[in-house]
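Next come two complexes built around chain A: one with chain B, the other with chain C.
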Partner chain A sequence: MNTIEVNNISKTFGSQKALDEVSFEVKPGEIFGLLGPNGAGKTTCIRIVLDIFKPDSGSVKLFGNGMSEEKKDQIGYLPEERGLYQDINLEECLNYLASLKGLSSSESHKRINEYLIRFNLDEHKKKKVKELSKGMQQKAQLITTLVHDPKLIIIDEPFSALDPLNTQMVKDILREQRDLGKTIVMCTHQMHQVEELCDRLVLINQGKSVLYGALSEVQKNYAGHAIHVRTEDQIPASLPGMNKFKRLENHHHYQIDLDSQVSPQDFLKTLVAANIKINQFEIAMPTLDEIFIQVVTESGMKYE
Partner chain B sequence: MKKTLIVLKNELLTTIKRKSFILTLLLLPLIGLIFTLVVGNRDQTSGITSLISKLTTTEEEKLSIGLLDDTRNITKIPDELKDQIKLYTTKESANIDLGSGFIKAFYFIPEDYVQKGEIVVYRPDFNPLSAGNDNYLIETLINSALLSENPEIMNLVSTAPKFKTELLSPEPQRDPGHQLTFFLPYIVTFLFYIVILGSSSMMLNSITNEKSNRVIEILLTSITPMQLLSGKIVALGLVGLLQTIVWSGTGLFILRLSGRSFALPIEFQLPTSILVWGIIFFILGYILYASLMAGVGALVSNLKEASQATTILVIPMVIPLVLLAPVIQNPNGALAIFLSLFPFTSPVSMMTRLSAGNVPFWQILLAIILLLVSAYWIVRSVSSFFRAQYLLSGKEFKIKYFIDAMLGKS
Partner chain C sequence: MNKTWLVIKHEYWKQVKKKRFILAILSLPFFILLMVAIGFLSVIFQYNDSPVGYIDRSSLLDNPIEYKAEAPIGLMKPIEFIRYTDESEAESALQNNIIQALYVIDKNFIETSEIKVIANKAPDSSVNGEFYTFLKLNVLKDLPEEISSRLMEGASFEVKSTGEQTSANEDNVLVFILPFLVGFLFIMAVNFSGGYLLQSVVEEKENRTMEIMVTSISPTQLMTAKVIGNLSVGLTQLVVWILFGIIGIFSLFRIFPDLQSTKIDFSFLLLTIMVFIPAFVMIAAMMAALGATTTETKEAQQIAGIFTIPMVLPYWFMQVLIEKPNSPLSLFFSLFPFTAPVSLPMRAAFSTIPAWQIIITIALLIIFAIAALWFAGRAFRLGMLRYGKKLSLIEIFTQRP
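The block that comes next holds the complex of A and B.
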């Protein structure tokens, strides 16, 4: 049973089509990337999954069927626009939000205290939320997302405005949650984070799903006919099967485009035959950033 | 249901614990107390009252006034006025005392007073309020001197006639001549205005606050908009009731404390029926205005817009206050009847009428029915657009959107 099944959902606001027949599945225990440029419809998609918005058409299944009161308590959500009550103290704020997720008063006190200690917020718990620094508020928001031990965690731009230290902490927490068997949906446009963390992904652009699958598959599909080679020798100006080559940032690092009928395997033989000492030989995988830009520009998005 | 209760409890506690709330809750009765004690009882000589009246009396007021009577009618100052009036025999001595500040004013009654009716007053500066008081003293003194041979007539002259009213209505309530009867409708009207407006504004604040803090999105992943709305409506309604109880409770306490005939004569006590009507009109008026405010709250994007929007909602609430005097003077006139039936003004205006006089039962009933129907309609339309789409949008507020949304055109 998939944790989330999104089937052909569409949503229109006024004259703007925010989502157009989007479908994807999120499997239990994976970190799933929901990607897209700003304004692509990611947040709308998440809000529909969370049952905050109703889709105009299509359906969403959570843990096998529709949303219910109990299921809301199984989901932890970190919205892009972070929100906490500013005028009450941190502890009260966290306890109220936890109680709305179905935790009893004693349970929520216990767990919140554990998290406050872990996140170094313990000494600030009697302060008003507005007196806390932005980083502290982010951590507090993360407590709200995790405190009720949800089976499904949905986080929207989890790393925005975090310093490297806190970014690392959030990553560690996400990995830790995955190891605990939680399903995580991460919504972002920071591609290197996705490469590092996600197992599978969907890329939404202008409300449409334009790319969907396992990260490795996606990269393989977009791999051009190129290889990366590291060698201290000179690459000859022409070699059989070589279309062209260019030096990368490091002088001994080359990217070589191959003729379409030549396989990397054959070209490796050619290099060996040419008596070139090879320190490293690999098939050039496009970065997600490159794929992202390629897909998005292909699908008609203009840079603004 | 459980989550509605959590919202209710949280809303109730955070509102009651707020400093500004506690301050208003206590400050208003305190102001009332001070006002009653100082203004109402300056002449009283008991306990706190006399202490306060001492504090508010200026040095000048404690001085006596001088009097020289050339008509020779006033030969002796009565004992009870000896502290306040000093009789002189020559102008010179009086002028010396006035000049050196022993007396605050000097009244000279010329020989031809009986023909001309003119008295000359010398004072260092003019203060219309204390001058009036002093004039009254001299007037009383002259009258009693002139009528000293006819004490009965003197009595009639010095006391205002008593009007004893025989009411023909079935429920004799209060002494219509009692001065409290005059104030009561004002007090009741303002109390209702403040409580209904206050608690429904708290509704708007609470929602706008959650919107601008962006907590609303977190809330909506845990609860439905309806759970949020109903929890808030009940919680803030209870807060309003608490205010009503505290304020009217301290109001009664103040009346008792302030010494004068305030030992609450039976005729002053409000008939029990007005309390029942009061609770009904508060609840209905509160639901009507609180849901309107909630509707505005759903559409505005920040507190600034909210306060602009409130101004428009408050207008119908202010009308009963602006037209308070004519309604009280003529509680069964056309204007009073209209205002007390029109649902947006009836919660306040009907209470004004009920405290000012008798209202035919059918009118109270009709007002309740009209209010009930409008409150139902408003709650229904507000709940139709109190939804995530509006709660999460940052669109600029316009009255037109609000009206459209209320009418179901989105």
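The block that comes next holds the complex of A and C.
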């Protein structure tokens, strides 16, 4: 049973089509990336999955069927529009929100205290939420997402407003949650984060799903016939099987495009035969950023 | 624990614990107390309870019946009337402040109606009144007892509208005051509760907590809990004030024992409650809808004022409602859901309202209340995640949430 099944959902706001026939599945225990540029429809999609909006057409299944009030306790949601009650103190705010996820008062106090210590928020727990910094509020929000130990975690732009240290902490937490068997949907436009964490992904642009599948598959599909080589020697102007080459940021780092019939293996032999000392040799995988830009702009050709 | 209950509790305590609420709840009784205290003090300082002297040249007060003037406040001693025959003796008593004033009744008082008052400082008009009562009592003393006492007490006027059964006795002050009072309390309660509710819904938007909330509980639960929680806050405020009011009334009873004869009609109270409950829900739902469609507290509060105007409208037409309780305008006011809460009790106090009218009024209010709740629910679902842009009326009716 898939954790989430989205079937051909469409949603229009006024004259603007926010989502157009989007489908994807999220499997249990994976980190799934819901990607797209700003305004692509990611948040609308999440809101439909969570039954905040109703789709104009199409359907959503959560844990096998429709949304219900009981299922809300199984879901941890970190919305893009971060929000906590500003006028009450942090501890009170977190406990209230945890109680609404079905935690008993004693249980929520215990768990919240653990999280507050872990997130270095313990000394601020008596402060009003509005007195906390943006980063602290972000961490507090993450506590409300995780405190009830949900089976499904949906996080929208989890790294915004976090410094590198906290970003790393959040990543560690996400991995830890995955290792605990949780399903995680991560909604973001920060592609390098997805590359590190996600198993599978869907890319949405202008309301349409443009790319969908396992990260490795997607990268392989977009990988061209190119290799990266690091060497202190000069690459000769022409070599058998070499189409063209260019220097990358570092002078000893080259990207070499191969003729379509030549395999990287063959070319490695050619390099060795040419007596070039190789420090590093790898098949050039496109970064998600590159794939993203390529797909979204639809101007570039396949990565070569 | 039930989540609706959790939200009710949170909403309730959030408001009640605020300093602002405690100040608001105490300020009105404090203000009233202050006004009453100032009133009492001014009476005490103005009222002179030293005796009054009189010289009777008309012989009307020979062998007078004893009369003790009533003091305006029970705690003070009544004015005594001292008879003088010698004018110079009386004047020296006045000089020595033994008496506060000297009344000299003219020889031909019956013809001239002249009473000369000699005093260092003009006595209070109530002292003149008391002296006149004393005089009247003695002039009438030769008439049969029941005639003289009837003349002394005056007539009791009963207002009766033609063809109606209910009548208002002018002596029963509460009959007049009650409809105004309950109407006033209703408007206060609605304004407070509505204000709290409005604030609470808008705050949810301002704090961006709406998404967290609706992924924890259903929008209907959230709305219901907010309505109940904030209405309870308004009611708490009202109950505290009513308690202060009851304490006030009991202390008034002690000071003015005459008021004790007044009584409250319970069918009237029942009618009032039946009208107030749906009206309360209707207005609360509308406030909630307003909160969901606007984006800022300030803006919402300005629009909220619109609801108050039709509610207080009947007060401007009070004259018509009292004098012609069955005129078309009175009928319209008591049927129209926004003016009904104030108008119907007012009409009911001065005439008997046909049962069908009461039924229609309450039915209309219930229908309006349900419609308002439906409307609020839609506005809430559509408007809850809008931040910059206001929700238009057309969108609420046409758009799919």
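By definition in this document, the second predicted complex is superposed on the first by the 298 of 304 C-alpha atoms of A that agree within 3 Å, B and C clash if a C-alpha of one lies under 4 Å from a C-alpha of the other, contacts with A are read in each partner's own complex, and residues count from 1 in each chain.
Rule of thumb we're sticking to: contacts are C-beta pairs under 8 Å (C-beta built on N, C-alpha and C of every residue); 3 or more make two chains touch, one makes a residue touch a chain.
Treat the numbers as computed from the prediction; the structure is a model and nothing was measured.
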Give one word, clash or fit, describing how chain B and chain C relate on chain A after superposing. clash
Thinking of the overlay built on chain A, is A:56 touched by chain B (first), by chain C (second), by both, or by neither? second
Partner chain(s) touched by A:86 [first = chain B, second = chain C, both, neither]: both
Which holds for A:182: it touches chain B only (first), chain C only (second), both, or neither? neither
Contact-wise, after the overlay, does A:111 reach chain B, chain C, both or neither (first, second, both, neither)? neither
Tell me the contact category for A:151 with respect to chain B and chain C: first, second, both or neither. neither
With the two complexes overlaid, spot the stretch of chain B among 21-29, 93-101 or 111-119 whose C-alpha atoms clash with chain C. 21-29
Can you give me the overlap between the chain B contact set and the chain C contact set on chain A? 47, 50, 52-53, 69, 72-73, 75, 77, 79, 81-88, 96-97, 99-101, 144
Chain C residues touching chain A in their complex are 1, 3, 6-7, 10, 14, 203, 207-218, 385, 387, 400-401
Chain A-touching residues of chain B, taken from the complex the two chains share: 3, 6-7, 10, 14, 209-210, 213-223, 388-389, 392
Which of the residues in chain A end up touching chain B in this complex? 13, 47, 50, 52-53, 69, 72-73, 75, 77, 79, 81-88, 92, 96-97, 99-101, 144
What residues of chain A sit close enough to touch chain C in their complex? 47, 50, 52-54, 56, 69, 72-73, 75, 77, 79, 81-88, 96-97, 99-102, 144
